[in-house]
Structures are given as C-alpha cells and as structure tokens.
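When the chains are written out, they are named A, B, C and D in that same order, and each has its own residue count from 1.
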Amino acid sequence: MVTRDQIVHWLEATAVVMKENKEYLTQLDAAIGDADHGINMDRGFKKVMEKLPSVADKDIGNILKTTGMTLISSVGGASGPLYGTFFMRSGMALASKEELNDEDLFKMLKTGVEGIVQRGRAQLEDKTMFDAWSPALDAMQAALDNGQNTHDALKAAVDAAEQGMKNTIPLIARKGRASYLGERSRGHQDPGATSSYLMLNALLDTLENE
Amino acid sequence: MVTRDQIVHWLEATAVVMKENKEYLTQLDAAIGDADHGINMDRGFKKVMEKLPSVADKDIGNILKTTGMTLISSVGGASGPLYGTFFMRSGMALASKEELNDEDLFKMLKTGVEGIVQRGRAQLEDKTMFDAWSPALDAMQAALDNGQNTHDALKAAVDAAEQGMKNTIPLIARKGRASYLGERSRGHQDPGATSSYLMLNALLDTLENE
Amino acid sequence: MKKLINAVEDVVKEQLEGMATAHPDMLKVHFEPNYVTRADAPVQGKVALISGGGSGHEPMHGGFVGKGMLDAACPGEVFTSPTPDQMYEAAKAVDGGAGVLFLVKNYTGDVLNFETAAELAYGDGIKVQSILIDDDAAVKDSLYTAGRRGVGTTVLAEKIVGAAAEAGYDLEQCADLARKVNQNGRSIGIALTSCTVPAAGKPTFDLGEDEYEFGIGIHGEPGRERLPMASADEIGEKMALAILDDGPYTRTVREWDNESGDWVEKELTDPPFKSGDQVIAFVNSMGGTPVSELYAIYRKLAEICENKGVTIARNLIGPYITSLEMQGCSITLLKADDEILKFWDAPVVTPGLRWGA
Amino acid sequence: MKKLINAVEDVVKEQLEGMATAHPDMLKVHFEPNYVTRADAPVQGKVALISGGGSGHEPMHGGFVGKGMLDAACPGEVFTSPTPDQMYEAAKAVDGGAGVLFLVKNYTGDVLNFETAAELAYGDGIKVQSILIDDDAAVKDSLYTAGRRGVGTTVLAEKIVGAAAEAGYDLEQCADLARKVNQNGRSIGIALTSCTVPAAGKPTFDLGEDEYEFGIGIHGEPGRERLPMASADEIGEKMALAILDDGPYTRTVREWDNESGDWVEKELTDPPFKSGDQVIAFVNSMGGTPVSELYAIYRKLAEICENKGVTIARNLIGPYITSLEMQGCSITLLKADDEILKFWDAPVVTPGLRWGA
C-alpha cells in the first residue's frame, strides 16, 4: 500500500532531485536543445512545493491534479504540458483515492504516460522522455504479472527507465527542439528522458525509505 | 605676371599634393574630427581634374569659379563649401582676367579667404583653416607693401601659413566638429589648416618651377 | 552582455510595464499570468485572435495587439513558450461570444501549451480554433523533425486574419483564412551575429568575423549551415531562391474540433511558388540590422522575383519578428490573392504596425 | 565588419535603389545628384519641406518622405553632409510655388552646404527659408563650440512641420513652427557599442564590456563622458534628468531673409522644462537596440516625468534616427502645445512613419 504521505514525500523528493540536477539537465539540454530543461523542471517543482501544503491533506487524486496544474502553469516549454498532463491524468485516474494498491500505482504511471503520448505523440526511439517511460512500464507490467511486489516491480521499472534513458544517446531526435539538429543530435542523452528517470527513481527511493 | 596656364598648373599641383597627403590629412582629422578630410579633399580635386580640361582655355575667373563649383558639389562636409566658396569668390573677383599681376594674385587669395570667413564665421585661434590663411595674408600684404616681388611675397605667405598651421596645435577648437571635444582637441594640428598650407605651398611651387 | 535592462528576471515584466504606460489607448497589460489585451476587449460578436510565444521577438506579439490585428498576446519568458494559464485567461478576457482563434507558431513547447489552453477554454464553453504557423523553409522534412518552425508568416497572418475578424468573419472563416495564409507563406532567415539571452548572459553561439548562419530560426539557434560571409546580393539571392525554389511541403497538423470536442488531424500540402504568382514580400530585421541594410536585400529580392515572374504586390520592411539584438534578417514571401490583399490593406492600429487609421 | 552590403562605395546608392523599388507609391529616387522626392511632387501651392544629411541614420530622412512629412530628402555619403547641388536640385524638383523650407541639423558641414544651396535656390527665384535643429543637450555651451547638434527633435520637426505644410501653412508660418519645435525640443543619447562606417571597415571607437558612452551624437562619435555600465533604470534616469534639469540655452542662428536676399542673425533662447509642461516623448533606438529595451527606458522616463509634473501627451518609440547598427538609445522631449499636438496627430504616410491614413 502506498499512502498519501508517501505520494507527498515522492513529490518532495522529486523537487530535491530536480534542484540537485538543475545544472546537469540544463547542460544536457544545451547540447541538443535550448539549455533550459533543468531550469524549467526546478522552477516547476519549486512551485509544486509552494502549492503542496494546501492540498497535502486531500485525496491522492487531488494532490496529483494540483501538481499537474502547477507544472502546466509554471514550467512552460515542451516539458511543462507533458509532465503536467502526466500528473493531471494520473490524478484523474485515481480520483478520491486515499491510498494506492499495486494496481493503482501502476495505473498512476500508465495513465500518466498515456497522457504524455497523447499530447506529444512521441513514438519509441524519437529520443524523448517516452524512451524512458515506455520500457519502464513494460518492465513493471511484466514484474507484476510475475507476481512480484510493488517494490520489486518498481525497481525493475527504474532499471528499465535508466537503460531507456541511456539508449537515447545514439538516437537521432525526431521530436521537439532537438529534431532540428538531425544527425547532430546523435551522441547526446535526452534531457527529458533523464528527468523522467530521475522522477521515477525518486518514487522508488521514497518507498524504500519509509 | 601669373598666366592662365600657371593657374591651371597650380590646381593640378594641388590635386597631386592632396592625393599624396590623403592619408596624412585623414589621420589628422581622425584625431579631432571624423577621419575624412584627406578623403574629401582628394575626391574634390580629382573631380576638379576631370572638369579642368573643358575650361582650361577660358579666362582665369572662369577656371576658378568652375573649380569652386566642382569642389562644392563633390567635397561635402565642412571643408567643401569653404574651399568651394574660396574659389567661387576669387573667380568672381578676377572675372574675365587672362593673367594676374601682383595685386590680382593677392586679391585672389584675399577675396577667397573673405569668402571662407563669411561662410564659416571663423575667428583667429578657433583652430580652423583660417588660422593658416590669416597670417599668410598679413605676411603677403606686408611684403607687397615693402615692395617685394610676387615670388618673395608669396614665399612670406607660405612661411606664415606654415607657422599658423603649427600654431593650431595647442589651440582648443571652437568651430567645426572638433569643437565638441573641448579640451581634448588640444595637442592636435588642425586638418583644414594643414590642407590650406599645402594648397598655398603648391602655388608657390608652381610659380617657382615655371 | 550589455543591454538596457535591470535584473534579468524582470526583463519581460518591465518591458510589459513600459508598453502598458506607452500605449493605454491601444492595449492593456495583465500580470500573473501575463497577457496583453486590446484596450477595448472583449469586442462583442467579433472573433478574438490570440497569439503568443516566447518573448524576445518584439514587436511581435504584444506590439501587434490592437484594432485590426490581435485581441490578445501571451508573452512567455525570453525564448520560452508561455504557459496555458496565460492563453486561457486571455481567451476568457477577449472572447466576445464569437469564439477565439489561436495562432500558434510550430514549436513543440508552443504547440503543447496552446493545445492545453484550447482544451481549458473549450471546457469553459468558449468556441476555440487553433491554427499552426509552420513556414520556415530552412527545415526540410516533417517526417523526421517536429516540422517547419513558425517564423515570418506569423506577422502577416496576424495582420490579415486580424482584419478579417474585424470585418466580421466568423470563427470558421478566420481559421480557414489563417490556414490559407500559412500554407501560402514561406520564410528563410540568416544571422550575422548571435544574440544574448539576458538570463544566460552570454551569446548563444559563436560566429566568426568571416562567416554567417543560413537557415536560422528565431531563438538564436544555429541555422541549417554556416557559410563564408558574402555580399548582400549573394546572401539575398540565396535566401530568395531557398523560398522560390522550395518544393511542395506536406505534414499532418492537429486542429481543434468544436463538434467532437477533440483534436483532429489533417494532412496539408503547401504548393510551391510559380511564375505568375503575386506575393507580399516581407524583409525583416532580426533586431540588430538597420533598415538601410534591409533595403539592400529587398533590392536583390525584387530583382529575383521579377526574373522568376513573381510580382511583389505589397511589401513590409523592418524589424517585426526579431531575435533580441541579433544582426541578420529574414525574408518571407506570401502568395496573395484578392482576399489576402484586401485584408492586408485594411486599417490596423497597433504599436508595432499601423496604417489606414 | 559584417553587414548586408555589397561594395562599400555603393552602399548609399543601393539602399536608395531598394527604397525606390519598395515604395514607388510614396516616393521617387533621383541619382547624380542623389535626392528623394514625394511621388506626387511638386505639390502646387504647398510649402515644400526639405531635409537631408549624412546617410546612416535610416529611416531618417529618406524614409520620412511622403504625404504629411518631407517633400524631399538629400542623403550624403554615410555620416557625411550632402553637397549643395543635391539640395538645390531637390528644391527645384519639389517647389510648388509656395517656397521651400530647409530643416538643417546643426553640424558645420550640413549648415554650410545647406546655406550654399539656399543661396543657389534663391538665385533661381525660389523662396527659401532655413531652420536649424540644434537640440542635443549633451553639448553644454554655444560660445566655445559649433553649438548643440541636431538630433532627435529633427524627426519630430519633420512630422509636425510636414503636417502644417500639408494643412496650408505658408512659408513664414512653417518656418516659425519649425523654430518653435526646435526651441522646445531637447535630446540626449547614449551608446552601448560603437558602430562601423562601411568605408572605414572597423568600429569608430572601442567601448569595454563594462562601460557606456553618455551624451553621444549620431555619427558614432564618442560622447560627453564614459561611464561604468549601469541598469536601464539608472541610465534612463540620468538621460531624463539631463533633459529635464537642463537650463536655458542661448545661441545665435543664421536664417535666410527673402527680402534682403541675405542671411540674418538671430539670438534665440530655449526655455527649460518645468512642472505643468506637456510633452511628446520620443525614445529612439540607435539601430542595434531592440524595441523591447526601449520600453524599459520608457518605463523609467514616464515615472520621472510624472514625478516632475511633466505630462507625456504623446510618444514615439522605435528606431527612427539611428547610427547604423549602434546599440544604444536616445530620448527626446518636446514641449507640446495644441498646435504641435494637432500636427503631430495629423495623417502621415511615409515608409518610416505612418498613421491616420
């Protein structure tokens, strides 16, 4: 069971991670984008931290939707609406839940990623955040089908996301700003895939520590 | 007696001198102006050389007026109308003359310089071309009053012009572009005084060589 | 970095304050979220035209708010897409009952944020249409990229569709006209220098004294190729031909459907230019290039158009869609029929573009 | 040096050709000697307004030729006064029988060349008046210098007197109005970078990353002082106060007298600004500074004017009197009465300034 507090702690942990990786993500974006991804993510999750206290005692759906709205109205760029949609959709899927079972947790991630795809229309190997999320969901699904527990299934997802993130390096970007670089986008790790991995990893960390 | 041919040769010699001193005059102007005086003078006298053949068989007044008109419409800047007026006025003063006696030659220079003053309203020590012309006219007048011949009177004028030109160095400019520099215009020789000295010296050279 | 700014984080806000103080007769500025509206908004019964995007392209878009052009503009941070709450609030503020049309430059960030805003506005009962501007001929294919970027045609579309809305076109008609303008407009840009984003504090890219960038966008990003510096005639010719010799361009766009309340995809193909076309020619400064140099480019452009049998019916020459203080220029050609010319000539009263009134 | 030019010696000619091609509805360009006239010149019975000066200040003056502003402009080489034959030919081309008014910026070269032109035109039976624009508050005294330079007020004078001529003012009235505008207008300019004269090929002066020039003219000349780089608010305040706190200014000007056929001298004293004045505020880019930064300056200027009890009745913000691609700006304040405001608001149709038609 994942509690409301754990979800709040995950968001807090994500805010810390984005702050710590602000420079790193921005550097990744400098290579194939416009050098703002870390700044964008840090700004967005700072805002989420400001908003969180006012909803921390509401249901999980509400907390996630508020997170989504906050990211949408503070991040901007491509990643703002994508991460915003992720949390809006997952919030809607978990409306009025006070805690999440294994299935709910998977549903949260899956509906969130579906939102990303619907909005961004990314396909596998377009060199986007979807290249981290897609293998992560597959691995988690397989682990759950195999009867593994939340923690192990999530661990499998994080490992797959990390691999997916690294796999973006040789790809040529076909979506987003990096796509204009064509061949020159090769050899660089996608910033959005990196922030996605970091976010998922923060969830695992949070659940492990509690 | 100064012949029409000598006047033509003087203008030719001036064109050569301006060409040779194009860089030098421009450098002087760079220090306290806008770095174009040599370019302006060279452009103007090149044009005079183009026009000269068509009037070289006319009277001296005509030749000088044509020179003035040509300078006016090709030099631009402050010096264009000033030198232009010099030749226009001297041409008018010597209308229909085929040759010049001592008095005529002095009149040519004097009426020309009066034109410069009327147009530019320069006073002594304003750090302009007038600071070369004014002592030159005084010296020539004195020499002629003393009964000296054309050549010697002109020699005295040239020496005085050279001295006047050098005397501009410590002056603070009060006319023209250099005046905006205030104190910073001190320590530089005035470009217009320099071109005036060169022009007068070319006249002396011409008369000496023929 | 030397700019006439105060703290880098206040740049956008203070410029908007300056605009508000300078042009109260034409526009109003709203803060948190930031958007600019016509002074007389909402205009009842008129379709409201809204655009927006990162700041740094002034006078676009805020300078084009006013009678005969935009009803609202939503400025993001410098070179950063605005967020949907800005467009959503702007839509609510300017909708006069006839619906709002979003004119969106094709950058992933702009597209996604405007899409979210469209959904929010629709959810509030506002009729919405959204047309993409993707006219940058420097981007070759749409299959392997996010598609052609939105550049110079945006300015022309804002003027023309703004006049149509003023003349009483309904939302559908405005959207159709905007789509037509976009499909008939193409642009190409070059840079002689980089620009400096205030928050970054140093030039976005380095460019040697003897080279220039060909095929740039409007965010100080490097272009399609880096070439040895050349004369105005050579550069102008290369630019003109990049537009005039460009083939058909096909891509799928997403437009909002008020019936189904969802996005529908449309495949659109833009026809290339051909002899006999008449065009509006737009020579634009990237900010740091003075208008005198634009005339040298226009001179060559006019010569090439004439050689190709393309008639320049109207022109616009000056800094209208810029990249901060970047030196460089862009050319946009828009094939113009009578409808387009009529609305081009119609009165416009904005801080950045004004005639006929 | 990187510019959109061909051979440096053709820069002015080719820009004029570009203008001629772009704006045949507004103006005509004549070569050897070079001058630009209104497309419909001469306008019978109307006073003809003529200005001119070195090139490099575009859109001034050629871009201000058209209905409601200049009848003719005479461009010299870059930063070099035009020669009298240009103004003389222009005067003959645009005189509609009511005489010509020369608006002359106070630089020795411009003054002397225009004076010669006035004499030539008068000699041909054309009624002539010549008014000097000398509004640069950076120049302190007139006794020991060539006097205040003509800068931003020129643009305002061309607009206002152009409208008056259009409205039927006679030559005397136009000259009186031009003199009044000049006496009520003051300007101050700053530079963040130097500009590069094409023929010189390198920047006119060097300016470090951490300094700016205060009190510049418009020819890339250094200013009154070199200061450590500062914020938009600090620079804007220093500029505003240099104008608003400037004392009375007295000098002798030379004007043409059609009765005597000779020059007459007049002593003129300009009054300082005071609380209760209403003004036209003009914030101008030197070429390379984008309009967004001008708004940051305008914001501060408006605040200071308000504090001083000076009401901004109208404003103009953008690149109108430039120094090639120089980064920097100038502020001009013009104390405006009803007559001035009426003619400011009147229609103008030129490539560089347009409203009301």
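Here, contacts are C-beta pairs under 8 Å (C-beta built on N, C-alpha and C of every residue); 3 or more make two chains touch, one makes a residue touch a chain.
Note that the structure is predicted; figures quoted are calculated from it, not measured.
Once the centre of each chain is set as its mean CA position, chain A and chain D turn out to be 58 Å apart.
Here the spacing of chain A and chain C, counted between their Cα centres, is 32 Å.
The multi-chain contact residues of chain D, meaning those touching 2 or more other chains, do not exist; every residue touches at most one other chain. Touching two or more other chains at once is no residue of chain B. Taken as a graph of touching chains, this assembly is arranged as a line, each chain contacting the next along an open chain of partners. Listed by chain label, the pairs that touch are A-C, B-D, C-D. Put simply, chain C touches chain D in their complex at residues 1-7, 11, 14-19, 21-22, 55-56, 58-59, 63, 192-193, 209, 212, 229, 231-233, 235-236, 287-299, 302, 315, 317, 319, 322, 324-325, 327, 329, 349, 351-352, 354-357.
Residues of chain D touching chain B in their complex: 33, 76-77, 79-85, 107-109, 112-113, 115-116, 139, 144-146, 149, 200, 217, 219, 221. Here chain B touches chain D in the complex through residues 34-36, 40, 72-78, 80-82, 84-85, 119-120, 172, 174-177, 179-180, 182, going by the rule given at the top.
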